[in-house]
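As structure tokens, here come the structures.
In the two complexes below, chain A is the common chain; its partner is chain B in one and chain C in the other.
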Partner chain A sequence: MNPLIPLFVIIPLAGAFLIMIIGRFIEEFNKYFTSLVLLLLTCISFYFLFTTGEKIFVYKVGGWEPINSLPIGIYMVMDGFSVIVVCIINLIGFLSAFYSISYIKRYTAGNYFYALFCLLIGGMNGVVLSGDLFNIFVFLEISVISSYALVAFGVESNELEASFKYQILGGLASFLILFGIGFIYWKTKTLNIADIKASFSSGYNKTTYLFIQILILSGFGLKAAIIPFHAWLPDAHSSAPSPISAMLSGVFIKAVGIYVIIRLFFNMFAISEGMAVLITALGTVSMVIGVFLAIGQWDIKRLLAYHSISQMGYVVMSVGIGMILVSRGTKPEIASLAIAGGLFHLVNHAAFKGLLFLNAGAIEYTIGTRNLKEMGGLAKSMPVTSATSFIASMSISGVPPFNGFFSKLIIIIAAVMAKFYLLAALAVIVSIITLASFLKFQRYAFFNRSNNSKNHNIREVPFPMVFSMVVLSIICVLLSLLVIPEIRDAILTPAINILTDPVKYSTSILVQ
Partner chain B sequence: MIAYIMCFILFLVGLYGVITRRNLIKIAVSLSIMEISTFLFFTLIGYIDGGVAPIVDPTDPVKVYVDPLPQALVLTAIVIGLATTAMLMAVIIRLYRKYGTFDIREIKNLRG
Partner chain C sequence: MKGMTLIVKKTTQLIAGMIFMYGIYVIVHGHLTPGGGFAGGVVIAGSLILITLSNGGDFMKLIKEESGTTIIESLATILVILVAVSGFIFGTKIFFNNFLPKGIVGHLVSAGVLPLYNIFVGTEVAASIFIIFLSLIIFKEESKE
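Showing the complex of A and B:
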């Protein structure tokens, strides 16, 4: 029992409530309070990052102890994998909230914005920490409903259309997930992930099992915007206010999509090779098609949104390669390498994609357009935005001193060592096209001569926005330190161990 | 078994509506039909033939009770479904004010 774990859910929910009550009477309360709350959560999550290691902390809500070693209460679980995702959520959340202090002046109704923001964070923390399927669904809906509202926050025609599309596809995904959960409960009579694993390991019907897996994969695949399910993502992520785009693209699709897929397929289902090949294929397809869709875009936020699909493809492909190797039971060290590459890229993507969306927000804030053709010459007038977006662009396209290079390198090395030469070649080609696309972004936004006369008297954005961008760019550079074996062992290896070991997760939760 | 099949058909009816209808309100209604079919499925899982409500009666130990957990889950899911429907309706009303129509073919700013 670790009493700090439920704070990740309680504090943001209480924060949302307090903002709506106290924010009515005190003018500036909402913005500073949100940043403060998220700073506190970031500190707690980093405390967990350094203390968790190989341990698994379980918090039983309401103190319901298992009866006859069958878990009956709600479990919250903190292990090596969830702690990484919790750190990303709260860190990017804090920086986005701090950035919003200046950015949100463009909109009215600041109280609603910050309350929804807190709900979004609380929901995502809940999804990542929850130890049973139905709570994953409940917290998923909390975060998803607040993201529907935040996407539509501008209430112009584009925002509303994007939000409508997002709600229809998101609703479909929710019902697929709920159906899957229903099937699992029908077959196993339990909802605890560890208990389901134990129940499945004593035999199951193959057809039902496959049907459940397909339901869960398509449901969470819709939330994660893997390619056949991606239609909502470019609209929703480009229409939201920029700090929210940074949250959605940088964290949201990972926490409620990729994280749950990885967690359930490694720790709840027994990995079968067919399913692993399907996941790898989906990842590869999103990686390739995402980048080709991105290259023709002239709206910066749409371009970044398509690149999110492509970069998530890298993560899914790499984890899928690890999954194939684990299911074959051969070469465990290459499987760990592939999963390490995937998780490393997941962390990196949160940093650089969050930063890129904040840059896009800064550009939109000063010159009021998102069209690349109408920009130009911003490098002189906005030096900080220009420098940080250069770092982020080089990171995402995998140029050596930055973090993206190392994670892509690990992914490609793992693919070559596992003898998936085609996938390795595709990863290299996609990386080159990404570089081309971001060189276009840099050239048109910052280095071209300005053809717009009103661009002469623009200035750098205010301090909170500059602060968030600078911190994220420093994180982008620092994250490449994760490639050093000692640091990787401390942070990534516990996550990999819990994923690759088929029984560790379920047994160590059930005995507590 | 026939109840489960009916419930699955209801899900497909909802899905058909979401895919083919062109009116925003009708799409929302179809989504609600899918939602209801999922809830029905959940309640069917917990149902036991001849079972009564699970209020334990110590004087009659052989009494059969239905599974209470799916009922609790469905109650939670209904509340969530209410929130999503309300949110969807709010957006539809706003869309109607912007475009003056419920026809989804007229609402196509975002492309590519």
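Showing the complex of A and C:
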């Protein structure tokens, strides 16, 4: 048992409550403490990224060993797939926390902000590392409830409205998830994911099984904002403070939505072709509709939020193609390629969407508006913001040599090789429309002539914000290296192997 | 908030102490009888709420009370984590390990660290429920002005 695994949950939780106590007496404590804590967690997560490989670490909380090879305690599992998501969570979390050092001056009550931020991180780490369904639900609620509060942090009418909408739909999602978990417990008498897999493999009632799958898919689909369930996302992500928008859009919908869907549908349920086709269809629909909803927006953060839906559609579609091929049992190398494209795009999206929201926050910080029509000419006065947002825009639109190009290329190649020509064509078209909408963003925000007389004395944002944006843009460029086979083998291939092998996850956890 | 009549005040002063004691009883017997940290914490919060309601907001100096309660709540949570981590340090390198001697089944001092968890969880629950109540009252008092 690796004793470092529970630290991902303990440290943020303890940090949140320490901030509430010490932050009352020492001013500025909250800012630097949160950044330090998250920097430490980032280091630990990268240590795991380079050491995990094909291994699966299991941590039994409280030291409860299995009895008659049936797991009875809480399991925390770290494998090739969860380590990637943990790295994203803590890295983007660190950069957002560092960015907030200056940004939070717009708001009062910094202690509450940072305490909720730590709870958000702790909850997401818990969701990703948890090995049983009920703890996934508990940690999901920790992170989701703190995100409700963070979305409403500005306490103005539109923010409260967005948070209210988010709470209602989020509550519905939690209900569906809990209902599904209840059904699973009723049928299998266990909550451990590996044990559920083993229990289902000895036979199940088809109707109940399908009902459980639909409940779980719609519950986590609501959290992931796949298209028929997306109504809360544009409001919630655009009303939150910008570092929180970066966390929610860049990390949150992946960690509590996409990650859990992929994990449960590959490693817990037996993959069926019908379900795989449904997931692919949902992904394609959100990819196409998301971008059409995005291109008409004039509010920067709403535009970015709709693009999150569209880009998540790429991930879900690509993983869905992989799932169809795995369920057919043919062409395993193309299935691996499709899943690799999906995971690669998931990592890339965290980098560039986080960066874009931080850019939007920088613009809002200096000129105090999010409306594209009121901006213009910022390229001269804010060179760093302009340059980093250009890199991010080109990445998300899939222009070489930035990271988005390679992941979209892999997705399209995989779709063509699997003979899904329509999906490949749609992916290309959506990518072009994405490019158009980001050219609009670049032109109106940075290169247009300024039509606002008060824009004369604007300056570049303070150092912490610049630092976070520059680091993220460097990451955007460096992530292209994941396309090189050696690096991909070290980082992405373990994750793909654990997803495509139907029994590896469950058997290797149960024997430990 | 002004508070209620003298009769109500005297009666609640008599009763609240007993309710408080009962909450403590439920908490410390959590590993032996039904109940435990959460249930006992709610009972304790009930006694505190009873006193606040009957004596009125001015008597308690609510905002000062709120900040004290917040600190108690956070401290209790940190103590839970501390006990969990000390299981890691003193025991067999496992988080949440029950590292204290287990004692005899049925005795008040037994079951290792479980009574400690119950006490801290009880404090946490009592403090957090009282905070929710206080913030609603403070909101009402402030919105009147």
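We take it that the second predicted complex is superposed on the first by the 512 of 512 C-alpha atoms of A that agree within 3 Å, B and C clash if a C-alpha of one lies under 4 Å from a C-alpha of the other, contacts with A are read in each partner's own complex, and residues count from 1 in each chain.
As a working rule, contacts are C-beta pairs under 8 Å (C-beta built on N, C-alpha and C of every residue); 3 or more make two chains touch, one makes a residue touch a chain.
What you see is a predicted model; the values in this text were computed from it and never measured.
In the superposition on chain A, A:Pro6 makes contact with chain C only, not with chain B. The partner of chain A that touches more of its residues, comparing chain B with chain C, is B.
Applying the stated contact rule after C-alpha superposition, one finds that A:Phe17 touches chain C and leaves chain B untouched.
Using the contact criterion defined above for the overlaid structures, shared-chain residue A:Lys60 touches chain C, although it does not reach chain B. When the two complexes are overlaid on their common chain A, residue A:Ala270 makes contact with neither chain B nor chain C.
Look at A:Val470: by the touch rule set out above, it reaches neither chain B nor chain C. By the touch criterion stated above, chain A contacts chain B in their complex at residues 134, 137-138, 141, 145, 148-149, 152, 155-158, 160-165, 167-168, 171-172, 174-175, 178-179, 182, 185-186, 191, 234-235, 239, 296-297, 302.
Only residues 1, 3, 6, 10, 13-14, 17-18, 20-21, 24, 59-63 of chain A touch chain C when the two sit together in their complex. Listed in rising order, the residues of chain B touching chain A in the complex are 11, 15, 18, 24, 27, 31, 34-35, 38, 41-42, 45, 69-70, 73, 76-77, 80, 83-84, 87-88, 91-92, 94-95, 98-99, 107-110, 112.
Interface of chain C with chain A (complex): residues 67, 70-71, 74-75, 77-78, 81, 84-85, 87-88, 91-98.
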